[in-house]
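Take a look at these structures.
Two complexes, one shared chain (chain A), two partners (chain B, chain C).
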Partner chain A sequence: MMRLAWLILRKDLTVEVRSGEIAYTTLFFAVTCVLVFAFALVREGRAPEDGAAGILWIAVVFAGNLALGRAFERERQAETLRALLMAPAPRTAVYLGKLLGVIALLVGAEIVLVPLIALLFQARLLAHLWWMIAILAAGTTGFAAVGTLFAAMLVRARSRDVLLPVLLYPITVPVIIAGVRGTAALLQPELEVGVVRFWLALLITFDVVFVTLSLWTFESVMTD
Partner chain B sequence: MPKWFVPAAVVCGVMFAFSPLVIASADYESTMGLVQKIFYYHMPSAWMFLLSGIVCGIASVRFLTTGDPRHDRTAWAAAEMAVIFGVVTLVTGPLWARRAWGTFWVWDARTTSSLVQWMVAWAYLILRRYGGPGSDKLAAGLALFGVANVGFIYVSVNYWRTIHPATTVVPKLPFSMGFPLWYCVAAFTLLFVILLQMRVRLEEQRATLDTLYLSLDEQR
Partner chain C sequence: MTADGGTNGFLFDRVVVDDVSRHFGRRRAVSRVTFHASRGQILGLLGPNGAGKSTLLALLATLLRPTSGTIRFGTRDASTADDALRSHIGVLGHDLFLYPELTARENLAFFGALYGARDANAAARQALDRAGLADRGDDVVSSFSRGMRQRVALERALIHQPRLLLLDEPFTGLDDASTAVLLARLRGLREEGAIVILATHDLDLADGLLDEAIFLRDGRMIHTAARPEALRSTYRAVMTGRPAPSGVEGR
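So, the complex of A and B:
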């Protein structure tokens, strides 16, 4: 099954590398978001305390919304969705492949966003790099897990572009809370490992529960 | 309509009509004064709000596993109940909190998870209304995630700080305050059951009408 998921991921990445459509639009949008926040919040070179943590996650979540909307839209426009679902592959492999593709895109955006926010908001985001990577990875996985499922479910629904954020944001509130709190803990002058570890553990639990639920639900909701 | 429906509706109406008298007879809480009486409507509606969420979640899981549209109708009705009781809870809560805590809103575990649960219920209804065909299964998936979600929010916000009164207060209440509370809980539970039954019945009749139309079309 992992081989099939890998094949779907490779297909998506190949299309993406050739067109660059989702990667460029998502990244540009995320950077614009961060700039808007910088214009609004940075006064005389000073940014509000802890603001960087919230802005990082808002940018990731907004960018994620865009990427998720396009990830299945492309299959629908090219009318390859049915082919994908008719392929002799378990539905869970399709889900995993798509999920990994979305995560890869978001990680790409984060590689740009983290240094940019650290620079614009004078935040010490890179001070504890490994913790930062762990929190971002766990948070992105959780957000993308729910997002991929919802984007897939909505692909045939009317007004799917509007519905995706309406459904996705209330459900991913825990990821946003834990991500922002965990990142804010990293920005403190004295690192409290216990606090960071708590939020990381919460994010990982969320990931496990929601990936399991998604794998279970994907099968039953993706029927023609 | 089942036989019990009309008597139940009458009893529920009478109970609500008398509830101000019962609440007025309760002991006067000295520090908060009259505002404390909000609690007799706030807590029962909050419980019904929670119950609606649970009913919606269980019905959705059963719909996803069995595909029986009856469970779907129950889930839909319960989601609407969640929005209604959520409004009552989220309006009465801040009114009480203004006096008790000095502020309308505090981001503590219960308030935050209630607000998000209310938003998930709205998202559910929006999906049903605008999702088009096939939105029943999507909504069931959403409800499933929504139920799992509330626990996470509760844990995460609880880690900060909680000033909300715990439910352990309830058994310790003196009789003069406990009786009005349980009276209101009974009235609200009855209201919940009646509204749920009405809503499910409406959807059943709609489904019957649809099948009748379809069979009429086939005969032509």
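So, the complex of A and C:
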């Protein structure tokens, strides 16, 4: 199964490298979002306390919504999703491949967003780099796990662009809250490892639940 | 695979559609359709738009489940469709199932690997040769004409040497040369013992190609003809309810 997931991931990345469509769109949107907040909230070089944490996750979540929609729209346009589903391969491999592709795109956006927000908001996002990476990785995985399932389910729905955020955001609110609180904990002058660990553990729990449920249901939601 | 169509523990020598219906809500896309196709046969699904041809192909491709009735692939029932069964079905849809940003070689190698080819690159190379596109293999598919894309798509559908090939409007947008290549390929597949089921509006092109024609209207099977000749006049007669021309064996 992992071989097939890797095959689909590699194909998605090759297509993305050629077109640059999703990467440029999500990055442009996320950076614009951060700049707007920076102009609105930063006064004389001082930003609201913990504001950077919320803005980082708003940018990631909105960019993720765009990436999820486009990742499946691409498969719908040439009906290649049908070809993937007809292949003698476990459908969970299709899910895993698409999930890893979305995570890769979001990680690319985060690599730009984190230093940008740290600079514009004078936030200490890079002070505890490994904790930051762990929080972002766990939060991105949880968000993308649910998002990939919903984006696949809605691929044939006429109002999929509207329905995706309507369904996705309420369910991923716990991930977003845990991501924001975990990141905010990293911004404190004195790092409280226990607090960061708590939010990270919560994120990992959500990841396990969401990925397991998505793997379990993907086969049936993509049949018929 | 054995000469009689035996594959991985089951015999795939025929496809049997038995009293199959498929409803979408209150709409009956396919209603009580029954037919069968054996090895080395080309079967045509003919009918106007909305007759249920594409739905029938989706049912045969195991993408949809029948609301009632059964579909059997040799000794296997469609309700037990798994990877082993799907590995013997090839589909060329009205949409070509190709990634326009990838080259023809990359598309074929990707689907070859997905369908379990041991050496996907070698399979892609052979497929490009068969499509007559070896010199364009490293061009992205979006730069191809419709006919060239169709040839790549057909090889994509055949890359795993399926026992059953399903084609939805395979002649759409093809020039004369590409049509001749496709017809020759389909006849070749028949000789190799594959089961080919195609849905088409191009009656002139299908004339003389089909071993059996199934005429559909409003999801119902209204007529069948073995080795139909003069397909267009038969079609007109069947659809307007007049008697079929002499020499056409109808059921």
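In this section, the second predicted complex is superposed on the first by the 224 of 224 C-alpha atoms of A that agree within 3 Å, B and C clash if a C-alpha of one lies under 4 Å from a C-alpha of the other, contacts with A are read in each partner's own complex, and residues count from 1 in each chain.
FYI, contacts are C-beta pairs under 8 Å (C-beta built on N, C-alpha and C of every residue); 3 or more make two chains touch, one makes a residue touch a chain.
Small disclaimer: the values here were computed from a predicted structure and weren't measured.
Comparing chain B with chain C, the partner in contact with more residues of chain A is B. In the superposition on chain A, contact of A:Leu9 is made with neither chain B nor chain C. By the touch criterion defined above, A:Ser220 reaches chain B but does not reach chain C. When the two complexes are overlaid on their common chain A, residue A:Pro170 makes contact with chain B while staying clear of chain C. In the superposed model, A:Arg156 lies in contact with chain B only, and not with chain C. Once chain A of one complex is fitted onto chain A of the other, the partner contacts of A:Met86 are limited to chain C, with no touch recorded for chain B. Legend: residue contacts after superposition of the two complexes on their common chain; A:Ala71 is shown touching neither chain B nor chain C. Overlaid on A, the two complexes show chain B and chain C touching the same residues of chain A, namely 223.
Contacts from chain A toward chain B in the complex involve residues 146, 149-150, 153-154, 156-159, 162-163, 166-167, 170-171, 173-174, 177-178, 181, 198-199, 202, 205-206, 209-210, 213, 217, 220-221, 223. Contacts from chain C toward chain A in the complex involve residues 61-65, 83-87, 89, 91, 93, 95-102, 106, 110-111, 113-116, 140, 156, 160. Listing the residues of chain B that touch chain A in their complex gives 64-65, 116, 119-120, 123, 126-127, 130-132, 134-135, 137-138, 140-142, 144-146, 148-149, 152-153, 155-157, 159.
Those residues of chain A lying in contact with chain C across their complex are 4, 7, 11, 14-15, 18-19, 78-80, 82-90, 223-224.
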